[in-house]
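One chain, chain A, appears in both complexes that follow, with chain B as partner in the first and chain C in the second.
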Partner chain A sequence: MTRAGVIAVVICAVAAIVAPFFLKPFGIFLISTWVVLTIAAIGLNLTLGYAGQISLAQGAFVGIGAYTVALLTPLGVPFFVAFLAAGLLCFAIGWVLGYPALRVQHHYLAFVTLAFTTLVFLVLRNEEWLTNGIYGITGTARPALFGWKTGGARDFYFLCLGMLALLSFATWWMLRSPWGRAFIALRENPIRALSLGLDTRRYTLMAFAIGSSLGGLSGALYAPLVQFIEPNSFALGLSLNLLLMVIVGGSGYFFGPFVGALVAVLLPEWLRVTHGYYLIVYATAIMIMMPFCPSGLLGLAERAGRALAGSRALKKTSMHTEGAGP
Partner chain B sequence: MNAVLEVSNLRKTFGGITAVDGVSFDVRDGEILGIIGPNGSGKSTLFNCVLGQLQPTAGEVRIDGKPTTGMRPCDLNRLGVSRTFQLLQVFPQLSVRDNLILAGQEHQGSMASRLFGRTDAGLGDAASQMIEFFRLSHLVGEQAGSLSYGQQKLLDAAMAFMAGPRLVLLDEPAGGVNLTMLSNLRERLQAYHAERKATFVVIEHQMEFVMALCTRVLVLAEGRIIAEGAPQEIRRNPVVIEAYLGH
Partner chain C sequence: MASFIQLLVSGLATGAIYALIAVGFTLLWQTSQTINFAQGEFVMLPAFFVLAAMNVGAPFWLATLIGIALSIVILGVLFKIIIVDPMLKYGVLPLVISTIALSLFLKESAKDFYSSQAQPFPALVPPTDIHFFDAVVSTQSLLVLAIAIITVIALNLLLNKTRVGRQMQATAQNPALARILGVPVQRMVFYTFLLNAVLVAIASILVSPIYLAKFTNGETLGIAAFIAAIIGGFNQVRGAILGGVILGVLDNLSAAYISSQYRGAFPLIILIAVILFRPQGLLGRIEERTV
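And then the complex of A and B:
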C-alpha cells in the first residue's frame, strides 16, 4: 500500500472511532449497520472479487447467522458461542453450496445461488415452529464482554467495530498469504492454475465457505443490532444490495466493501432530503456510475492516482528538459 | 535410458471424430522430443490427454512407470509434470514475481502451512533466480498483463519450470513470437535443459525451432504417428514432406 493509502486508512479508522461521540442514536444505528454489512460484503468480496465466483446467496447467509444467534441465545447459549456457531454453520453450508461452482460458472452459478436464497427465505417464512415465520424474532440480547455491557447503541457499535477490525485483519492475512494469490489465480485462469498444481476444487470450496462464514458472522451481529428479524430482511433484496456494495466499492479491492457498504447504507439516508425522489436519484446515480467506473469507486480512485502521478512525472521531466536547454 | 513418459495406444474421440488414434511413444530421461504435424493432427489433444485436461477414450499413460491416466492436472503437476499452453496463460493482474511464486507455491508445505507461513511461500529467492535466468529482471514488479507478447511467452515458460519439474510439455512455445525473442527463448530452453537435465516434449509449427531444439521428432497426421526419428531424418522423410511440410 502507498503512503497516501496508509494515511487514508488511519484517518478513516480514527473517524470510525470518534464518529459515535458526535452522532445521535439513529446516526449510531446507521454506522453500526454499515459496520455489520461491511463484514458480509468482505465475505462476498472474497468469493466474488478475489476468487471470481458469483454468489447471490450472501444475504441468505446473513439470515442464517442472524437466526442462529436469535434462536440459540434465548436457550442460554452464550452470545460468543452462538456467534461462532453461526460462522461455523455458514462455513459448512457455504462449502456444500460451493459444489455447484465446480461444475457451472457465471450466470448459471448465479441462478444456483439465487435458488438457495429463495430456499432459505422459504424455510425462514414457513417453518414457524423454528423461526416464528412472518412474525419474526424480537429482542435478541446484546452481549457483555468481560463485564463490559454492550446494551447501549454506542457500546454495541464499538463491539461491532472491534469484530470488523478482527475479521478484516484475518481476511487481510489470508489474502496476503499464498491463499490470496491462489484465489486470484482461480478468478483469472482456473485451467492454468490447475496445471500449476493448485487444487482449484479445494480453493473454490474454501472461497465459498469462508465468504459465507463471514456472511453468517455479520448476521450474528445483525440480530442484536436491529432487535427484530423476520424472513423478508434476508430475501433476495439483501443479497443484491451486498452485491451492489462489492461492485460499487470495487470488486477485488480489499477496502472496496468498506466504501461500497458506506455508499449503500448512508447514501439512501442522505438522499431522503429529496423526499419521494430519493430512490430515483439513488438508482440514477448507480446507473451513471457503473458504465464510467466498472471497477468501482476504488478503481476510479486508483485511476485518478495513476493519472496524477503520470502528470507529475511529465511535469518533472519537462522542467528538467527546460532546465537543461540552451 | 529410463522412460519418463510412456504413452500406449492412446485414443481420443469426440462424437464421431477421432482426434488421437492409437498413439504410442516413450520419452526418455533427459531428451527433448518434438511433436509436429499439420493443424488438426491431434497434437494438442494428445497433450491434453497426457496431462489430464481431457479423459482419453482408451489407452494408458505412465509417468516414471506409474499409471497416471485420467489423473487431475494438479496431481500430475505435483508428480513433477509441468506444461505451457498453446495460447498465452499468465495471470495478467499479478506481477511477474507473483506469477512465478504462484507457479511453485503449491509444492511448498501443506495448505494450512501456506496460510500461516511466509507470503512468498519461501520462494522469493527461487523466483528471483528464475526471473534472472529468463532475463526478466527489469520487469520483476510489472503486472504480467502489461508485458509484451514475447515477454509473456518467456514468463509463461519460466512458470512451467518454477517447481523444478522432471518433465515439461511445451505447447507451441514459439507461436506468435518475433525472431529475436524466439532465439532468446530457444537459447534459454537449451540452457535450462543443459543445466538441469530436464526432459521436454515440445509441440511446435516453427520448423527451425524444432530442428534446433529437439533431439528426436515425432510426426502426427490425422491422429496417428506417421514418422519418428532424428530431426535431420524427419526433414528428408518423403512421407512427412507429403503430409506436413508440403515441399
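And then the complex of A and C:
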C-alpha cells in the first residue's frame, strides 16, 4: 500500500472510533449498520471481486447467521459460541451449495444462489415452530465481553467495530498468504492460473465458502443490533443490495466493501429530500456508473489519482526538459 | 381426476406464459450473452403501459397495441442501446449488475409513478367456465394457452422458415462464422431484442388478468423464467418452452397435492437437481466453458 493509502486508512479508522461520541442514537445505529453490512460485503467481495462469481445468497447467509444467534442464545449458549457457530454453519452450507454449481458453468452460481435465497426465505417463513414465521424473533441479547456489557448503542457499536477490524485483518492476512494470492490469480487470469497448476475450482469454492461464512458472522451481529429479525429482511432484496454495495465500492478492491456499504447506508438518509424516489436515483446512478467505471468508486478514485500523478509527472518532465534547454 | 384436469389445464396455461418469457430470455443469452436479470420486470411493465393508455381513453384493443409498441421501443430498442451496448465490452458479469439495477429501477418506477396497489387488468374474454367431462375449465386458461401456442408456433416459423430467422439462429450459434458468411450479426442481435420485447409484452397481457398488474410481479416471473430456461437447456429455444411448461404444470400440481406453503420451493429444488445431474438442461447441448 502507498503511504497516502496508509494515511487515508488511519484517518478513516480514527473517524470511525470518534464518530459515535458526536452522534445521536440514530446516527450510532446507522454506523453500526454500516459496520455489520461491511462484514457481509467483505465476504461477498471475496466471491465476486476475487473469485469472479456472482452470489445472490449473501443476504440469505446473513439471515442464517442472524437466526442461528437469535435461536441459540436464549437456550443459554454464550454469544461468542453462537457467533462462531453461525460462521461455521454458513461455511459448511456455502461449501455444499457451491460444490455442484461451480462444477458446471461459470454463471450458474448466480442462479443456484438465487434459488437458495428464495428457499431460505420460505423455510424461515414457513417453519414457525423454529423461526416464529412472519412474527420474527425479538430481543436477542447483546453480549458481555470480560465484564464489558455491550447493551448500550455505543458499546455495541464498538464491539461490532472490533469484530470488523478483526475480520478484515484476517481477510487481509489471508489475501497476502500464498493461498490468497491464488484467489487473485483466479481473478486476473483464470486460464493461466489453471495452467500453472492451481485447482481453480477448489479455490473458487473456498472463496465462496469463506465469503458465505463472513455473511453468517455479519448476521450474528445483525440480530443483537436490530433486536428484531423476520424473514423479509433476508429476502432477495438484501442479497441484491449487498451485491450492489460491493460493485459501487469497487469489487476486487480490499476497501471497496467499506465504501459501498457506507454509500448504501448513508445515501437513503441524504436522499430523504427525494422522498420515495431514492431507489430510482440509486439504480439510475449505478446504471450510469457501470459503463464508465465498472470498477466502482475506488476504481474511479484510483483512475483520478493516476491521472493526477500522470499530469504531475508530465509537468515534472516538461520542467526537466525546460531546465535541460540551452 | 376432475380436479387433476383442472389443475393440468391451468398449469399448462401458466407454463405457456413462463415459456414465452423463458424463450425471450434464452434468445438474449444466445445472441449477445446478456443474462437479463430484469426479465421479470420486463413482463411486469407492459401491463402498466396498457393501463396507462386506457386511462387516457384508448379502448382495450388499441391500448394493447400501444402497450406492445411501447414495449418494443423501451424494452427492446432503448434497453439495447442504453444499457446493453455500452456494457458488452466488459463481459457477462458487469452487464448482469446493470440489469439488476435496471430491474430495481423499473420496479420502483412502476410503484412510484403508477401505483403500489395491485391494479385490476381487463381479461381478454369474459370469464366463463366450460364443463368438460367432470372438470371445470375457465375460458381464460384456454385462451391463454391458445395465444401462447400460436405465439410459439409463429416464433418457430419465424426462426426456422424465414431468412431473417435463420440468420438469427446462425448468429446465436456462432456469431464469428455467421459474420464470415455475410450475416449482418449486429442487426440480428438487435432483432432478438425486439423479439424479446414482443414476447414479454404478450406474456404481460396474458398474465396480468390472472395475477393483477402489480409492481412486484416481476420477482416471481423472472425467477420462473430463469428456472424454465435452465431446466430446458440454456442454449435451446425448444428447451425453454419445455422448461416453462414443466414448471407451470409442476407448480400447480405440487401446490395442490404436496404443500401450498412450499409452492415456491419445488421449482427451486428441480433447478438444483437439474444443475447437479444434467447441467446442460433437458434438451441442451453441452457448452464449452468460455472465459
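Assume the second predicted complex is superposed on the first by the 313 of 326 C-alpha atoms of A that agree within 3 Å, B and C clash if a C-alpha of one lies under 4 Å from a C-alpha of the other, contacts with A are read in each partner's own complex, and residues count from 1 in each chain.
Throughout what follows, contacts are C-beta pairs under 8 Å (C-beta built on N, C-alpha and C of every residue); 3 or more make two chains touch, one makes a residue touch a chain.
Small disclaimer: the values here were computed from a predicted structure and weren't measured.
Look at A:N232: by the touch rule set out above, it reaches neither chain B nor chain C. Contacts of A:R181 after superposition: chain B is touched, whereas chain C is not reached.
After overlaying the two complexes on the shared chain, residue contacts for A:L114 are found with chain C alone; chain B is out of touch.
Of the two partner chains, chain B is the only one that A:L198 touches; chain C does not reach it. Of the two partners chain B and chain C, it is C that touches the larger number of chain A residues.
Common to the chain B and chain C contact sets on chain A are residues 191. Those residues of chain B lying in contact with chain A across their complex are 51, 53, 72-74, 77-78, 82-83, 85, 89-94, 98, 101-103, 105-108, 111, 114-117, 119, 121, 159, 163.
For chain C in complex with chain A, the touching residues are 35, 83, 86-87, 90, 92-94, 96-98, 100-102, 104-105, 108-109, 111-112, 219, 223, 226-227, 230, 261-262, 264-265, 268-269, 271-272, 275-276, 279, 287, 289, 291.
On the chain A side of its complex with chain C, the touching residues are 52, 54, 100-101, 103-108, 110-112, 114-116, 118-119, 122, 126, 190-191, 236, 240, 243-244, 247, 276-277, 279-280, 282-284, 286-287, 290-291, 294. Per the touch definition, chain A reaches chain B in the complex via residues 174, 176-179, 181-182, 184-185, 188-189, 191-200, 202.
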